[in-house]
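In what comes next, subunit A is part of two complexes: it sits with subunit B in the first one and with subunit C in the second one.
Our next item is the complex of A and B:
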């Protein structure tokens, strides 16, 4: 099953253990890391034992529901909560706004009341009895509405355009266009995408009116979260504990308490009872964030030798009342002359939030489409055109690898699209990825080795599905010659030593060095205690295969338990801190997609996707392949299905459930190939998840063109868009 | 391809299907019945009034004519071989009863879409996988219910559960119990399913992290571990 390097199971010389500081050692010489490591919390998750915030049930707990306006902008004319209060089991039904107030935007801006009941059913029945008369105002939910003359101001400060940034030399670009052999002018549109974490946002606040509280939170950040909740509870920060043991997905949207967290705390204070406030699925679509959409108007030009000569971009970010995200053009590619103006166009909709590789999938779609259009325009293989205009040779080898794996060189049409016409056509497309994967010096890890051999590593990191709990255990286990499940990883509790929040692929690079440092210190300290027993110097000792032995003389050894017994009565305690030499940054990736387009129905089926990326030392190969698969699948889903839909006349959201906002399922799964780029020899760690989510939908769009000559510049690539494009062709 | 019993795939409109639909009950009628005593009384006449006043245990569904209940009712659920009781509002789903009303709670089944789209709440009722969010608790009298908690424990994993761990068929884990249950039902029906059969049988479950390919591997591996036999 493992695609990893061959491992020597024998306790051979652990070279990195001879170093006088923590070192990962060569990537192909690890006994545990860089193999397929099953998640240490897998057994709890597959049996339903793992408790998520949504699963917390406490004595005396009430369940709360929010009352949210369906209209983005409205005046609240009349509110009646009396009937709701009379519903059996309802304990609280109160407005959060006053009559006459003007609601400013969809989502958190439209929360007008809160209902709580002894059961979820009672709370829901209560909410159904709340009646509110709204005077709906002009909705301002589309960019066209926002930019129209006389449109109401909905952004900060009443402005519908903000954050205008421009760079580049307009005159140089204008002059260079004349020298191009092929020029493309096109507009690319990316819709607003939702995170669709399967566990909605929310909290359970365990508070009875006393001087302390416990908050269970579905969150991507534990450290310091107690301070925010303590403000809402009116308690001292050290009297509030935030627990994040398991999180049902976050993807960037779960930072901070949110409005729901504040309201749950305030209700708990008022009722002096525990409060369970998880957003409903509809609430989640309305107020829990999104990936900003974009419109990118571009002019690009190339010379016939494949040089990317010129790029001019006007880009709008559609982040609702938020800013949206988009990396600066020309993004990954090198172009001789470029100019860009990027701005935020605000609508009266929920603010965008970070979402896996914020801004990058949007930039990728426009840039990879433009690159493709230029390549085919000069009848050049789009892989070769990409390589010619990508500075870093890592992308060259990665593009070659995915091209080989997807069968590009045997594909019948590579410099022009297939002829189209009736029937079903197969095409192949490409895209590349980049991610910084920076890390932060914030994580502290306490490590305790008991005289009976027990090992506990503690840090307040959170496992949101990336496998952080397993990394905490596995890094320590390898250093001490143990197996991952033998190390207890204590995480997800604000009382533990601080760790990094999980966003922007920063977790691994930020916690990995601190975990390794703690493990190194424990090994060195234990070596000092054990060395006399083996008549050796501490530096001569090696830890592997549940034994401590003298390097070059495995006959002189103790079992792990015998070695720990040397601790006597007191456990060994060490504290690990960030070590910058153990992490690096900078991820490259490339992906290819093979699709089938049915010209009669407009249906697109993705047949195969291939992804490769580098990430320094791949700590857990199986979890990395899972994340790479996940990136490809989310990109496929974005490409074919996902789009927030608002009625432009009323502003009401039409896609606020999982039927009308479809994400990819089993039947849409293509063959997926996730390749870890082992030519990357950096002996350092970094997070890898964002990069795998960036270019897949671009590759699918390019594959559709390659199949049949239809260039789709609006996502998602639904059958109606295929058929409309076909109509335009004929 | 036809939807499996009691569940629908993403390509077909969700519609709760019951092998033996109890006469007269639907989630809609309970929602109406529960929305207010006066309304429920008007619709249900004496029966509703009786239920509201005396809150009797839920009788086996009447076989002729619709019946409306309101107030709270006591339901008896046979879950993982154990008889459990809970007092619930009549509109309470099986999922709601398991998660919020039985004691101790059975929270392995997850509430995600709450309308029969995502499969995170999948349980096995009388041998067939169903969306527990689309079943009323009061309909479950006399039915044999199996949840993820009944399939195995962390120290004694079922073959499907062990294969999920071995193949990393989970990331955040929130869809995982539903997939484990649906996969278990798949292998009880098909001893050695091919990939297309697995995709079809699991098409009522969605995952946002993107674990599908590893789930498919896990089901194929578990089929081998079970020796290709069908049934429990």
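Our next item is the complex of A and C:
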């Protein structure tokens, strides 16, 4: 393939090579980083050559399927696996629970058996022959059911309410409400959302009964994963290798082996054969986690000059048997007085897990809606109201930028909604984001430069689609004056030097400094070897455009290959470690959405979305824009479609496929504008993915109001909700 | 999915002979494009011993304009072929537009006219393998008192499915007939009479087709000159989805006055839902804003929404307004 677009080496671009420690240098002076760098593994992925865990095929491998109760709570009365065992090709069909056991919650709590076959079809046919009599119990799948008098206890310790946190001065808030010019009392509801990774959770355990095993895993964390799997396999940790070469999406739900990982290991031990256990799509919806829902009951008040005076919040997190997530109110905005009580309301459903900015989209919807309601309530431009109540000026410039890009200043109605009535109406709405983007000191990178010029960078980090493999190659390539595809990035293997797990937008900030440190060391060492050949001091050498040259005298130079030949017979090996000065943390973000609402049908079409994002040094501009596009698309899909649906009477999940759990498709895609905030001049790296997923659905909800005066406080904004609300308006 | 024998008869009669003769016997099923059947098999909603494929029967994929101006559509004509046929597009817009809005391009490339007309309902209780609803021999319709935002506002009871076909309302609007071949020979009937309401013994089935019968073709009669027609489908998700509500409309006018009208709704009833009183209301009136408003109101008269599908009333009213306005 052709090399990525690189700039000609300009002498100024190599100033950072004169520093006596690794430095990124000025953000606008990079020859390779901070440009559009195509993925080094792009061709393999688009041609289907790249192997995902699901694609692994091994000699003698069996395919396993789980038997899962459809009922959240049930007593297992009678189980019959005999007929399943007689299905041709079935090699294993066994219960995992005893008769009489009470199943406590939907998902992992309802896995009652496992079937394995020589083919996926045999395993599937075997599973269909398993017969189990369940005595279904009261389901307890809605918060109303969980909070009803006499409801069975389904949370930990039998409690349906836990983790009650409260803060703030109730009396001060009560007093402040009286001084407000406009007060809004409203309840905002966010449904449970699924991750819907295209590759479901699962593993392939390559084990034949010997003293070592290889586990292929669809996972967001390689380093240390061998320890967990070795426990399940009964092997020493150093005898287990975990491979994560390509991952078809994780979004926070793919940490740890999971129940499916443990069961696959146990089955491999029993059968002494490799086991392929990937969840089916239905299993994935039932037991692979979700973003917790929430109900947030709020009272907010503002003065007519646009000051956010008061906020009182009672919030419930709906994380099933898990805790759910919600950042502490008042979230991003500054308010003079606030009080909040946040609790978890438990249902007998699958536990929530981390999902791209855990808790934040939920908080965003309630807060951005409240902010919008207050702004319109005092007839103030909602952009100006936001700026007045956001402390950090970064948000001000970002809001101004997205407002400009979406055409806010030419929009006919900015301080009150459009007139409504029959026809189609256009509206614009806004929201802002925040994320910590912290990093961890765990990543080690081995770098090897061969005498023939080959370069290999090795670290265990996983590429979950965010482009980590490309970063490993590109940071090294820039330091050594090469193109990204010329550096071999060896990742996704637990035998490699340790790296950070990919969660919380920590990958870039955690691996970037270690990669840079390795590359810096390699350049310094190579300079020492090459300097005598160019009759120069090592510190005078610069690396750019596949050449090593003397600063200020490009005539004195060697090609990259000639320079590497100076290594003699032995490759150059260095080890990079985390350098705190190369990373920073704390990012913002703002988004705007333009929608069209059809009053006759309730259809909302999103016409355009704009996102701006700061992240210090934008290592790969193409990857960052992709993250922003993905964040906007995920938020759009959440706004318009996504919602877990459980039948309240039986507890059965009705949305356990991609027909009924709807996600946006091609025709729903608006014009997407992703802006990298280059006014962030921090010469340091940090992740940005989570922030881009936080405010989009809030902006869409606010745009619907701006279009037609319809304030939707329950997501998703489906035609039935819109038409019902319009009926109530007229 | 249970293992089955795949059989490929060479004639329709042979295919009919391979099918069971008893309504309760589900041991063999017909396969056309497979777009619905494969889903039913995978969800274990049917578990036949034999799958009888029509792919070996010659001629069923023919689309033929006859000398009398009628159109014979073989049961295996794909939705994509129908959608792209130039004369269908020019003369039978309602049919081309309906075919073009089924599923996704991939589904239209494989799905057939016969399969589309005979597909089973999409009700999420029916499709859920663990819900033994009335339609599957259970004791009650879960949608009636459960989660029913996608269910029927007309013609429901004791089950409340909506028929998922897009072609059916369009073909009923065009007065199409269907041909069935069974053990005792062939019979034809208006498509309108092919579908059964639940109260007409249409609980565990949706059509009058007997188990041993094969739908071989649909005939659209010659239309009188001047027909203007359209199919408006409203989906929750435009990229691919079934209709929340749909309108097939065909109108002829002379001197600005409606001389004939057909109005058939989709996605709102267990069958294609014809609106005879609305058709009668339209005839003899100019197709102006007043008439359209009256017609849209009339079309939803008698709707009986369940707890969560009341929105389908204003939605359908809106779609009728749009469809008639487009034809005015």
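As a convention for this text, the second predicted complex is superposed on the first by the 717 of 730 C-alpha atoms of A that agree within 3 Å, B and C clash if a C-alpha of one lies under 4 Å from a C-alpha of the other, contacts with A are read in each partner's own complex, and residues count from 1 in each chain.
One rule holds for everything that comes next: a contact is a pair of C-beta atoms (placed from the backbone, for glycine too) under 8 Å apart; a residue touches a chain by one contact, two chains touch by 3 or more.
All figures in this text were calculated on a predicted structure; none of them were measured in a lab.
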A:391 in the overlay: touching subunit B, subunit C, both, or neither? Say first, second, both or neither. neither
Have a look at where A:148 lands relative to subunit B and subunit C in the superposition and call it first, second, both or neither. neither
Between subunit B and subunit C, the one with more contact residues on subunit A is chain B
For A:718, decide between first (touching subunit B), second (touching subunit C), both and neither. second
Now for A:634: first (subunit B), second (subunit C), both, or neither, which partner does it touch? first
Partner chain in contact with A:18 - subunit B first, subunit C second, else both or neither: neither
According to the stated criteria, A:601 is in contact with first (subunit B), second (subunit C), both, or neither; which is it? second
Scan A:652 for contacts with subunit B and subunit C and give back first, second, both or neither. second
Kindly classify A:120 by the partners it touches after superposition: subunit B alone (first), subunit C alone (second), both, or neither? first
In the overlaid three-chain picture, which partner chain does A:47 touch, first (subunit B) or second (subunit C), both, or neither? first
After overlaying the two complexes on chain A, where does the subunit B footprint on subunit A coincide with the subunit C footprint? 121, 125, 128, 659, 662, 664-667
The subunit A residues in contact with subunit C across the complex are 70, 121, 124-125, 128, 600-603, 640-641, 645, 647-650, 652, 654-656, 659-660, 662, 664-668, 718-720, 723-724, 726-727
Within the complex, subunit A is touched by subunit C residues 1-3, 44, 122, 124-125, 127-128, 130-131, 142, 145-147, 149, 234, 236-241, 244, 308-311, 314-315, 318-319, 321-322
Could you list, by residue number, the parts of subunit B that touch subunit A in their complex? 9-11, 14, 34-36, 71-72, 88-89, 91-92, 96, 99-101, 105-115, 117-118, 120, 147-149, 151-155, 157, 160-161, 164-168, 170-177, 180, 198-200, 202-203, 205-216
Which of the residues in subunit A end up touching subunit B in this complex? 1, 36, 38-39, 41-52, 54-55, 57, 63, 83, 87-89, 119-122, 125, 128-129, 195-199, 246-251, 280-281, 464-467, 622-623, 625-627, 629-634, 657-659, 662-667, 669, 672
